[in-house]
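You will see chain A twice below: alongside chain B first, and alongside chain C after that.
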Partner chain A sequence: MAGAGGGGNDVQWCFSQVKGAIDDDVAEADIISTVEFNHSGELLATGDKGGRVVIFQQELESKNQPQCRGEYNVYSTFQSHEPEFDYLKSLEIEEKINKIRWLPQKNAAQFLLSTNDKTIKLWKISERDKRPEGYNLKEEDGRYRDPTTVTTLRVPVFQPMDLMVEASPRRVFANAHTYHINSISVNSDCETYLSADDLRINLWNLEITDRSFNIVDIKPANMEELTEVITAAEFHPNQCNTFVYSSSKGTIRLCDMRASALCDQHSKLFEEPEDPSNRSFFSEIISSISDVKFSHSGRYMMTRDYLSVKIWDLNMESRPVETYQVHEYLRSKLCSLYENDCIFDKFECCWNGNDSVVMTGSYNNFFRMFDRGYRQDVTLEASRESSKPRSVLKPRKVCTGGKRKKDEISVDSLDFNKKILHTAWHPQDNIIAVATTNNLYIFQDKL
Partner chain B sequence: MFPKGTKRKFSDSREEPVAGGEDVNQSSSAAVRMLSSYSLQRQSLLDMSLIKLQLCHMLVEPNLCRSVLIANTVRQIQEEMTQDGTWQIMTQALTQSLSPHPDAPTHTIDLSDLPLNAVHHDSLRDGIWEDGPLTCPGCAEGNRLGVSSPSPPHTSLPTSPSQDSSSGHPRAQSPSAHLRSFEGEMANSLGYLTDLALDDIFEDIDTSMYDSSDIPSALASYPSWVCGVSSWGDEGLKMCSSYTSASTLQQCLTDLNDLDHIMEILVNS
Partner chain C sequence: MDVSAEAKRIMAVSISKLYASRAQRGGMRLHRSLLLSVVMRSARDLYHSACLAKERAAHLVPVTLEEDAMDTTASREQVEVEVSQVEPEPESPLTPTIQEPMSSDYEAAQGACKTRTFSGKETVEDKENRSPVSPDRHSRKRRGKASVAPDFLPSKRARLSLELGEERVLRTGRRNCCRAGDAFTTLSLNSNRAIAAF
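What follows is the complex of A and B.
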């Protein structure tokens, strides 16, 4: 196709930066588990399996290099969650950060929610670039002076200091989830947020940590009858009473909190009828939705299942308005992918700032972009080989059969250990963050 | 794999060619070959899924979504196999291979009145923990059979009644019970995840000594019929070693048979 990328037929994606260790020996704790831009795009947060959060800040655009947008450099690093032991169940609770969500900025400080399987925490990230000096009663090191030596009165004065970024936990929302938390979503009212686990969704007030409201509960009375779990949930970007949750059976339910306190009855049920020609024992597993994201406009939502990305119009429940195949060539390999468990991989998806392009990850460190307007798609790769600064990414192609052309990769050569599960798109600009197993790649369009 | 004298019908074509001497495919038609290949694949998928369900228990805290998806896959296969009759053929064949004593007692999976310390109960189902006492009233401390409900909790799946009624074998309870125990296993993998291993508090074996990859300790949380009391070592490893063996199903049931034997001895003593 003409052009190399999504976002219009003339967007070319260039390598910008890569963060993380170079060596192939991946430490378990360094595995990136979530990536999220804040609302302005100035900050980029990542969470990893070791329970750490690393926040990158975009430098102001340099006048020397007008071709480049600002680079992202480490702004703050902190240990968000520690491994815990549940003594009642004799089970370890992983410290892996499942999701990070930023709160809209209200004042000088930044706030984000981070969650592991059981506990959500509200973190305040604030800058300190001044400190008081010249205390009357204290020495510079903090020790109190001998009162008899104090003969004058002076008031401390703020003096500039090196910038220090502090992260402090302001709230801990614990003990509300029996099952593993898979999603958190901040409401547009900026006062509440939801957290979803496999069977329940809870509504919290950001100020109140000892109470939450259960708004969805799909746990059956008899657990033997359990056949469906919640896989993702999100609040509508504009309507504070509306949220959606997806299931392992490929359905999405939209709920209105005004209707009742417990939203077990959905307002809308989005489900595409199954294609009988594609039916197999794996049909249900590959229909399980791994991610659901509203468009910025709030008119559409996107779901990711194992092989495809679907765009739904909130006004039409019967089927998606658009379907994009991410890696259809895997359909004939489902049995092997079931055997090696790859079929259970949970890929995320994201929208660009104006909802014209969507992006999701795949295997072999490939990621895909689909331009909704121009009906184009492209496959790109996040690898060290194509990581020369400002080098344009070359589109990749997977050979599905027949003669393999030059530069194509055959399906059997794909590395299924190199999977891109987490991607994020800057809210305004064409800057994307793509997480491989333990590296974070930042790409931007060629200016 | 089958005892001698069992006549194998050509629809029972899931057996690997090396296992027996009889040539499964009587006819050389392509349709039959396709059918047998499909049945083979389906059986292999069933075995693989059951092992995955078992391995689910080995993880620190199993992934509920994954367990549910695998369990649904097993149910699907089971339903299809029941519809085309292969399920019954398989259960009958397995029954015959598992009958050492003609007058061995019929048993169900209900273990509630057996005071066995070494046996882990399979009562990790949510319903029991939520509604009933932790241990059944007559059980002593340290007895980890906390099953308070007397009935075997395997009634949720539609396939079991049809197997019971259709089998005319005098020990018809056994094969269906065996198979229901697989259904129970699915329930276990779900119920286990909810209210959890309260029995671990009473566990004799200190699982912190073992890695999560250590199969024998992981099998510790299995219902006893899966691994049998004697299967802490090699047999357990053997069971989990490969996906493709069609004898895996049988292996589990063989171990169950060992358990029968031991239970018998203990009850009589």
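What follows is the complex of A and C.
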């Protein structure tokens, strides 16, 4: 019954941990705005509205309990972005972290890119577990000794110390975006990355901060003719020349940087014809794509619009190969959702490690998983009520009409303030991180 | 009727959201503003066609309609003054203090379907109240007693002829254009301007 875990239709998801305040009164700065596992899955980073980044590290599996996976504990916390003020435009620049992307690990240190609306920063997270001791001219506390008291010489040696994790900003990529940055994506060449705002996409070299190349520009000469904006962009996982960007009109464009310096002409345009029977005032809003993610294989890509998740084969532009309805019961409620602003919510989506299952969030702290192979889907809930250690999550069901069965919840009872916008899946294991408003839930499959 | 009321409500909601987004921390979001203006335009189009259907149903004479439409256009600025005399629509969230061209036009739009009753007065007021809209656009006071500054007259006429020109262009293909359509056209132009502000 609790299917959709990948690798089988009998995966059961269990609660593992929850991070964050229990307090119902949520401080705005604590609202989680992005979640991302690193490439090994050992580290899990979250960004929040207050501009902070918190990194959790998975503990090594205990020898006593080989069946249990290690827990995630806080590894490093740092203030990535501060609020700024644009004096020319008289606008405040929010410190909210829009996206975090990890760089592939090359040495002992870890690197990640974090971005707010205007500025991208490269952070180095390194460990220090030794410190030099035995200086000749300095005391242990750092005070300088009187040189006349030095009678012997010794060679300072490294002594072990308590582990200290340091985060330092190594690069700041600023002043390249007029509009609000919505995406960053590291290229598979590990040398460049792209950043996308509403109208432009820029290509950066990770080493060079004072220059970026504009590769997509959809700004019309007359802004009154604007019909669509860029909503997300991502590099292909294997082909360093290929990237995609999605639009507010529900289209995805694939571009090849070998074709020209400015990729305004797409190589492929992915668009599904609109179903005329579903036309309403809000058709355009709900067709706007909020997230686009390549599969790990690079063969497919997934898009999330307001009501559905679509899987596209890169070889077929005319329509998606799979469509999954996330919460179709909301289609009749679009007007209310427009009034309470929920229709503008930007849900993200993610693949599991072997691309067999996809996951996305919904309202009432529900999140959905779709098993592509077994054609199963499941709705689970991230709540404090079902957060006993290793307790199995019970599948949830929304009653769309007629008699409400036991354990079902009716559409009108859904709490639209409790939304899951950000989810992440461990790259190798069945461990998922699900962000509610200000809490991070970690679930794993039952071993 | 329900459709047009719904459309009007959606327009009101859209306008208030657009206005509220100006005060948002981090500045106006282009994506959101675009979506809001798209919805507003769809609602406007639907309201326009609903109004048109209503007008047709009421068997209005085409000639009279055009005259009145011209009058309305000429005295759109006066309409917003007149609207202040009209009982405001319950669903309208707009207040007199909103400094937004869109809102004043929307109020004009709300009153547009009622301007017929004011047509006689407007023609009279038209001659008296030649002061320009821009500085007094948001003034809710009747300008009947206000002094007429002669240097404003030329720009006023130019503005009117420009607007009339626009109406003619936009009216192509539409017969018996609903008076509401004039105001709503301006509304859509202004929603474009909201995007152009970026």
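Going forward, the second predicted complex is superposed on the first by the 439 of 447 C-alpha atoms of A that agree within 3 Å, B and C clash if a C-alpha of one lies under 4 Å from a C-alpha of the other, contacts with A are read in each partner's own complex, and residues count from 1 in each chain.
Operating definition for what follows: contacts are C-beta pairs under 8 Å (C-beta built on N, C-alpha and C of every residue); 3 or more make two chains touch, one makes a residue touch a chain.
Model, not experiment: these values are computed from the prediction.
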Chain C versus chain B on the shared chain A, clash or fit after superposition: clash
Partner chain(s) touched by A:Val150 [first = chain B, second = chain C, both, neither]: neither
Touching partner for A:Leu88 - first (chain B), second (chain C), both, neither: first
Contacts of A:Val172 with chain B and chain C, given as first, second, both or neither: neither
Touching partner for A:Glu339 - first (chain B), second (chain C), both, neither: both
Partner chain(s) touched by A:Glu224 [first = chain B, second = chain C, both, neither]: both
Which superposed partner A:Glu284 touches (first chain B, second chain C, both, neither): both
Doubly contacted chain A residues - partners chain C and chain B: 89, 91-94, 117, 179-180, 198-199, 222-224, 226-229, 231, 248, 281-282, 284-285, 288, 335, 338-339, 344
Interface residues, chain A side, partner chain C - complex: 89, 91-94, 96, 117, 179-180, 182, 198-199, 222-224, 226-229, 231, 248, 281-282, 284-285, 288, 335, 338-339, 341, 344
Chain B partner contacts - residues on chain A that touch it in the complex: 88-94, 117, 178-180, 198-199, 219, 221-229, 231, 248, 281-282, 284-285, 288, 335, 338-339, 344
Chain B residues touching chain A - in the complex, by the definition given at the top: 41-42, 45, 48, 60-61, 63-66, 68-69, 71-73, 76-77, 125-127, 153, 156, 186-187, 190-191, 193-194, 196-198, 200-201, 203, 207, 243
Residues on chain C engaged by chain A in the complex (per definition of touch): 6-7, 10, 13, 17, 25-27, 29-32, 34-35, 38-39, 42-43, 46, 192-193, 195-198
